[in-house]
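To start, the structure itself, in structure tokens.
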Amino acid sequence: QDTGATIGFIGGFTGPIESLTPPIFAGAELVVKQVNEQGGILGGELNLISADGACDATAAAAAADKLINTDNVTGIVGALCTGETIGAFNGSGLSGGVVFISPASSAPALTTLEDNDLVYRTTPSDALQGVKLANLLLAKGITDIAVTYVNNDYGKGFAEALEAAYTAGGGTVAANVSHEDSKADYRAELGNLVASQNLVILAYANSSGNTILRQAVESGNFTTYIGGDGMVGDDLLTGIDAASVDGLIATRAGAPSGEAVDIYNGFDSDGFTANATYAPQAYDAAFLMALAIEKNGSASREGLSAALREVASAPGEKILPGEWSKAVELIKAGTDIDYEGAGGVLDFDAAGDVDGIIVELTVEGGKFVEKGLID
Amino acid sequence: MTEFIFFLNQVVISGAVLGCIYALGAVGITLIFGILRFAHFAHSELMTSGAFFAFLLAGLFASWGIVTPIPTGFVVLPLAMALTALLALGIDKGFYAPLRKRGAKPVILLIASIGVTLMVQGLIRLFFGAGSYSFFENESKEIFRIDTSFLGSTRPLVMTEPQVLMIVVTIISVLALHLFLTRSRLGKAMRAMADNADLAQVSGINTALVVRVTWIVAGALACMAGTMLALDVTLKPDLAFNIIIPIFAAAIVGGLGQAYGAIAGGLLIGFAESLAVFNWTMVLRPLNGVLPDWLQLPNTLALVPTEYKLTVAFVILVVVLLVRPTGIFKGASS
Amino acid sequence: MSSDLVIDVRNVTKHFGGLTAVNNCSLSVRRGSVTGLIGPNGAGKSTLFNIVAGNIVPDEGAVIFDGADVTGLAPHELFRTGMLRTFQIAHEFSNMTALENLMMVPGDQPGEYLGNAWFRPGISKSRETEVRKKALDVIDFLKLGHVRNELAGNLSGGQKKLLELGRTMMVDAKVVLLDEVAAGVNRTLLNDLAANIERMNRELGYTFFVIEHDMDLIGRLCDPVIVMAQGEKIAEGPMAEIRANPAIVEAYFGTPVETA
Amino acid sequence: MMRRSLTLFAGLFVLILVIGWMMGLPFTSSRLVEATAYSLIALGLNIQWGYGGLFNFGIMGFLMLGGFAVTFISYPINPDFWGSDGPMMLGRAALAFGAGALLIYGARQSHRLGVRGGWKTFVTVLAWFVAYCVYRSQIDPAAAYIEDTAGFVGGLGINPVVGWLFGGVLAAGVAYIVGKIALGLRTDYLAIATIGISEIIRALIKNMDWLTRGTLTVSPVPWPTPLPQDYQASGVDQISALLLARGGYLALGLVVLAAVIWLVSRAYAGPWGRMMRAIRDNHIAAASMGKNIKARQLEIFILGSVLMGIGGAMLVSFTQIFDPSSYQPINHTFLIWVMIIVGGAGNNWGAVFGAVLIWMVWVISEPLAKAIFETVSFWSTSMGWPEIPEIESRSAQMRVFVLGLVITIALRYAPKGLIPEQVRREG
Amino acid sequence: MALIELKHVVGGYGGAPILNGVDMAIDQSDIGVIVGPNGAGKSTTLKAIFGLLKVTGGTIEFDGEDVANSLPDKLVPKGLSFVPQEKNVFTSMSVEENLEMGAFTRRDSFAETMEWVYEMFPVLAEKRRQPAGELSGGQRQMVAMGRALMSKPRLLMLDEPSAGLSPRYVIEIFETIVRVNAEGVGILMVEQNARQALAFASKGFVLAGGQNRFTGTGAELIADPEVAKSFLGG
């Protein structure tokens, strides 16, 4: 019966990444809007139901239970934090046979999750980002760093990857210190980091990242600041003298330059910030989910995973962001398609990971500016 | 010398600032506990709301084009304190007074205050979202870097303007509170009520008035604490909630109901946190020159790893309580 | 020492901060006696009781109970050796009924152990029935029958004192320490209580050690009477002798009291 | 009173039915499983606070211990670890620990050798310091080695029910130590000390990656009853499999709960309960009436903690993931307090009622808040006002408001709890 | 007209009434003593007058004005004062602060009254800076009375002022009460030291079961064999 489909979204609307979540969710919402404007899905409407996973495995399990067993969604976009995704998937996803496409769970742990080929992600693993960041720093001639990471799977995984790659490349990690989230004060941790003037902060911007950066600036002990994707957010620079963080280096999953990205960036509008952290990945995840459902031909969960692989990877006619009606026509015609998204070509490997692209950003005049690919 | 200045920055100044943050919050908690005999968990939300009031007022001032030499957030403090006092009164009237009237036990009031915490937190997020704000969006934060090269140090002593203000404000507010409680008629009535509420009533003391004054003072103190904290850090909906447990620890270590105890407890915990994770290698590094190769100092030589920082505060807390079961300054108990 | 001393306090001292509440005090209580302890307010009488009953550990000195050194033993251990005390300021269990207040006193209740409570309800039950019967008897004797189901916290000041006294009747103790049970108790009822104390002493062989400010009661019950002042024992003897001591009369009685 | 309780339970039942009708059976059944676990935990707190008057604000720590215990017992064996040098290194660390403990014990007994006063304190502190260094010198390399080679020690692959029991045992062991240290403290001081201890437990579990995998989380933790996948494998359709599996877990949980309620009520109704209430009301008098306060308070603290450990273990094996970072005082300590205060401290049925009610409110507060927001937004847009921005985020955050509202309203109208403690008036 | 007059007062703590019709009348020149068995409602009567529990029936008139169910902060300025039986001083506050608290409702200067209190209790003048918690039982009782007198009451109510005091202090306290009365303060007190108290009482009330059993002058009650036997211990 052609009556549309419902997909779910799990994200940390509350908790440590509560300020990062809304723009990510907006990416998924945009897909829904475009799909419905361009004729809908399976002859009906595409619906999106969100649930709060609080960046917490246990809460996410309950959220997934609701989406999967109460709202009967076909697939899930999410969750964001890696523990959240694992909790949500093991809680109800596995038994329900539900496909998860996470836009933001970047910790390496997801690669090895036993998932019956149901869990995918549109962001590269931190293992990659860590390596890229290390390369970038070494290329810039920074030979020693002090690292502080937020004590969770994201921060820890990232820091480990960074340290390994950086030392292998000949750099010195003078200190590697974890910190707890959401504290008022990090001067003590910073005191343990002064062994190098180049401070790497792997944390969430609105949680500990902002505080650490500000206190680091105030201490005057550091000259260069470096951050990971979690740090890229408007919250990062509030209350910090812009001049003192000029030149802050950051990385995040990004998009290759190209037609797909240009089209996607064109969506930037009043209610939507196209280049917000993980917004492109969320857009891609939702778009892929919709394509897979259309391809699968019904709102059932069966066969969705296989359909997803088909629409995501070559061979096939290229589909770019926003080209929903074109895609539907092709699918109806039985033509193979291959989505190329805002965040890259998105060909899933056996573990459901994508080969990512990491871009460099820097702060100029109080704003993040993209500097292009890191290779 | 550089090492010594580093130690001052890292342990003395940062311990003092952290201690003052805890102490400012703990003063209000200790006051409410002394008089109303319950652990007012929602004090954190009074602090956060107070900071938001100050933030709004500061924004208003800025939009009127008023420029002040010290941070606007600090200038508008009296107004914000009045607003927070009103809020505190309202909360008491709406939630605690009915319970007290029915003779509820302290733990019931404690749980009610947890309920209030959740509600206020929900409301703050409703109006301000989850993001963070800064008082220094329109003005810059002054950072004092005291050059210490005359001492042969390459590092300056660093303090920011809000930190200096905070230390001053903490000292003044504790002194003022102490004078108020020991000198003024109302203050004495508050102490009388803390000592023996039934007898206070029998003496004709208007206990309802005393309770009101308590909330006014507590609200004002909370606003001050929250604003000072927000000036030093950033303003977020969970600003004070995140540190309410160490604040309680400070109040308890100091002895509940004791104004000076709050300072003592706050500083003790502040210094303990700073000192426990302090990396001694930074200070002892010159020794590396004289030490043999096999005894070179490791990169980090701290009493405990940083991830156990908070743990240290609590170990101290437990130890202090074991030695002095009612805190440093003999405190009250419900 | 001879075994007819059931309590022997030897050179006990207790300081509270700068204040010396009990000062190198030695005194003893004979088995089978009703010994009175009098003295001005603040003399250290209650503190001495607290030391004997294990509620306070003395700074110096020793307490010998029934021939054994019991200094520093916890109150519940002393209870087991046969010592029972009452409190000057009533220590009722305020959220329990008057009846329950009495029922919890007996020490050897099998139902107080989880194993028995869970798996051997029989023996707990039969003992419980005995305990209840005894408690009801005591309640009636104290004229508290009408408030036996009232929360003890809601009793009047005097009723709480009666309950305090009632506890001593719930067990067969060797020694009972009574700290001002008479204060606040109606005099008519007090006469009955005194008679009962006499009876328990005579017929059941209880030893009583009594702090009291009511000289009529002391005069009626106690021999000998020990006088304490400023933490020390200053005199001991029969009531008549004490009354004849002008120094004590001056310090303690004020003007001579007329005998009833 | 009886009628009131029955009415309230009937009301709760209706609430569950409504939730079941609105949210579907699978969802409701899993919330009921959680509610069962929370009931156990609330009973544990009820024993500690309602019976014993012990102000335990460190519930979270005991839940974590339970969670860790069941993970350790039931998670499959990690051959990488057992095949490496890890076990041997851990053995050495254990020896070092034992040696340290001996050293401290020796220092504490040093007065027998004539070491007194300040010297004894010095010797003791020194012994602690040396023991700490010795232990760290062994455990740090072992931890690093295990994390590098095997990730973490893995589990033992034993049935989860054994894990629950072990959760209880582990909680009991820690409760014994905590109780020995802290039970002498007075109410509020005890509360903050227990908060401190639970934070310490959390920090340990979160950071001992070699043992618990810390923030990297362990999953999937096995179930004691067949999983939905198992039913599906034998040809049952998805929904029925889900219901069967969750029903099975729920049944097991209810059996445990029933047994616990039976035992606890039986003890509480008799002399044991009377003695505990007496100690709670006035421990000085109770001591003078021959009750061993310290031992009894320890007994009650341990008994309560055992239930918390078991409940915590049940929760973890149900959600199948042990994630130390998801433990927060607000969700795992205060929520439990709210349960028993709203339900009625000192009354077992009150505790169970409170646990189920508050858990259900907590669960539906999210969709409820969202529904309210959407309605308001709908209204305001139809009035021509702009719609509420970021509804998802804001409504999710309003759920705490809903919970707060329920707490304050419940307390306002029933300050002693909805099913309050009953005074035992006898014939 | 009597200073305070209770007519058939009924009241209690929420459950069944404890007072079932209490009648009493005291003049400013009177010393009234209430005696009776434990639980008779003596303390409850005082509390009822002082607005500390709910009066559901009868009237309480002070100086001709109905004061039933008004709260202490209204009653104290009118000239009523109450010394509870226990916990009747602020232990953490100095003697002088205790007295100040007694004058809390007064707007005028109370220095003179304080001098008057110190004159009456010279020991307190010596210990004015000492925390009341460090005083002996008898001295505390004086602080409590001093505190109550600071509001310049016309009627002073005392609940068992002699309980727990050594004989010497009992005599002192009673003498003080008589002296205070001579200064023009009406007294209404509950006593279990009944014989001693009735000896100087101008009015005596025997309460049992929340009702008046006997009313008369102190001497009359002592002389009544029935009263003596059932309530004064023979």
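Letters are used for the chains, namely A, B, C, D and E, taken in the order the chains are written, and counting of residues starts over at 1 for each.
Here is the rule we go by: a residue touches a chain if its C-beta (ideal position, glycine included) is under 8 Å from a C-beta of that chain, and two chains touch if they have at least 3 such contacts.
The structure presented is a predicted model; accordingly, all values stated were derived computationally and were not measured.
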Exercise. Mind listing the chains that sit against chain B and also against chain D?
Key: A
Self-check item: Steps needed, at minimum, to go from chain A to chain C via contacts
Solution: 2
Exercise. Please name the chain that ends up farthest from chain C once chain centres are defined by their CA atoms averaged.
Key: A
Quiz prompt | Centroid spacing, where centroids are CA-atom means, of chain D and chain E in whole angstrom | solution = 53
Practice problem: Determine the centre-to-centre distance between chain C and chain E, using the mean Cα coordinates as centres, and give it in whole Å. | Solution: 30
Quiz item: When the C-alpha atoms of chain A and chain E are each averaged to a single point, how far apart are the two points in Å?
Solution: 77
Quiz item: In whole angstrom, how far does the Cα centroid of chain B sit from the Cα centroid of chain C?
Solution: 49
Quiz prompt | Residues of chain A touching at least two other chains | solution = 14, 18, 151, 178
Quiz item: For chain E, which residues are shared contacts with two or more other chains?
Solution: none
Quiz item: Which chains touch which?
Solution: A-B, A-D, B-D, B-E, C-D, C-E
Quiz item: Which residues of chain A touch chain D in their complex?
Solution: 11, 13-14, 18, 21-22, 25, 50-52, 56-59, 61-62, 65-66, 69-70, 83, 86-87, 90-91, 94-97, 107, 109, 114, 151-153, 156-157, 178
Self-check item: Touching residues (chain side chain E, partner chain C) in the complex
Solution: 13, 36-40, 42-44, 85-86, 136-138, 160, 163-172, 192, 194-195, 229-234
Self-check item: Complex interface listing, chain C residues touching chain E
Solution: 38-42, 88-89, 143, 147, 154-159, 161-162, 180, 183-191, 213, 215, 251-255, 257, 260
Quiz item: Within the complex, which stretch of chain C touches chain D?
Solution: 53, 55, 74-76, 79-80, 84-85, 87, 91-97, 99-101, 103-105, 107, 109-114, 117-118, 121, 124, 128, 131-132, 149, 151, 167
Quiz item: Which bits of chain A are touching chain B when the two form their complex?
Solution: 14, 18-19, 151, 174-175, 177-180, 182-185, 187-189, 191-192, 194-195, 206, 210-211, 214, 218-221, 234-235, 238-241
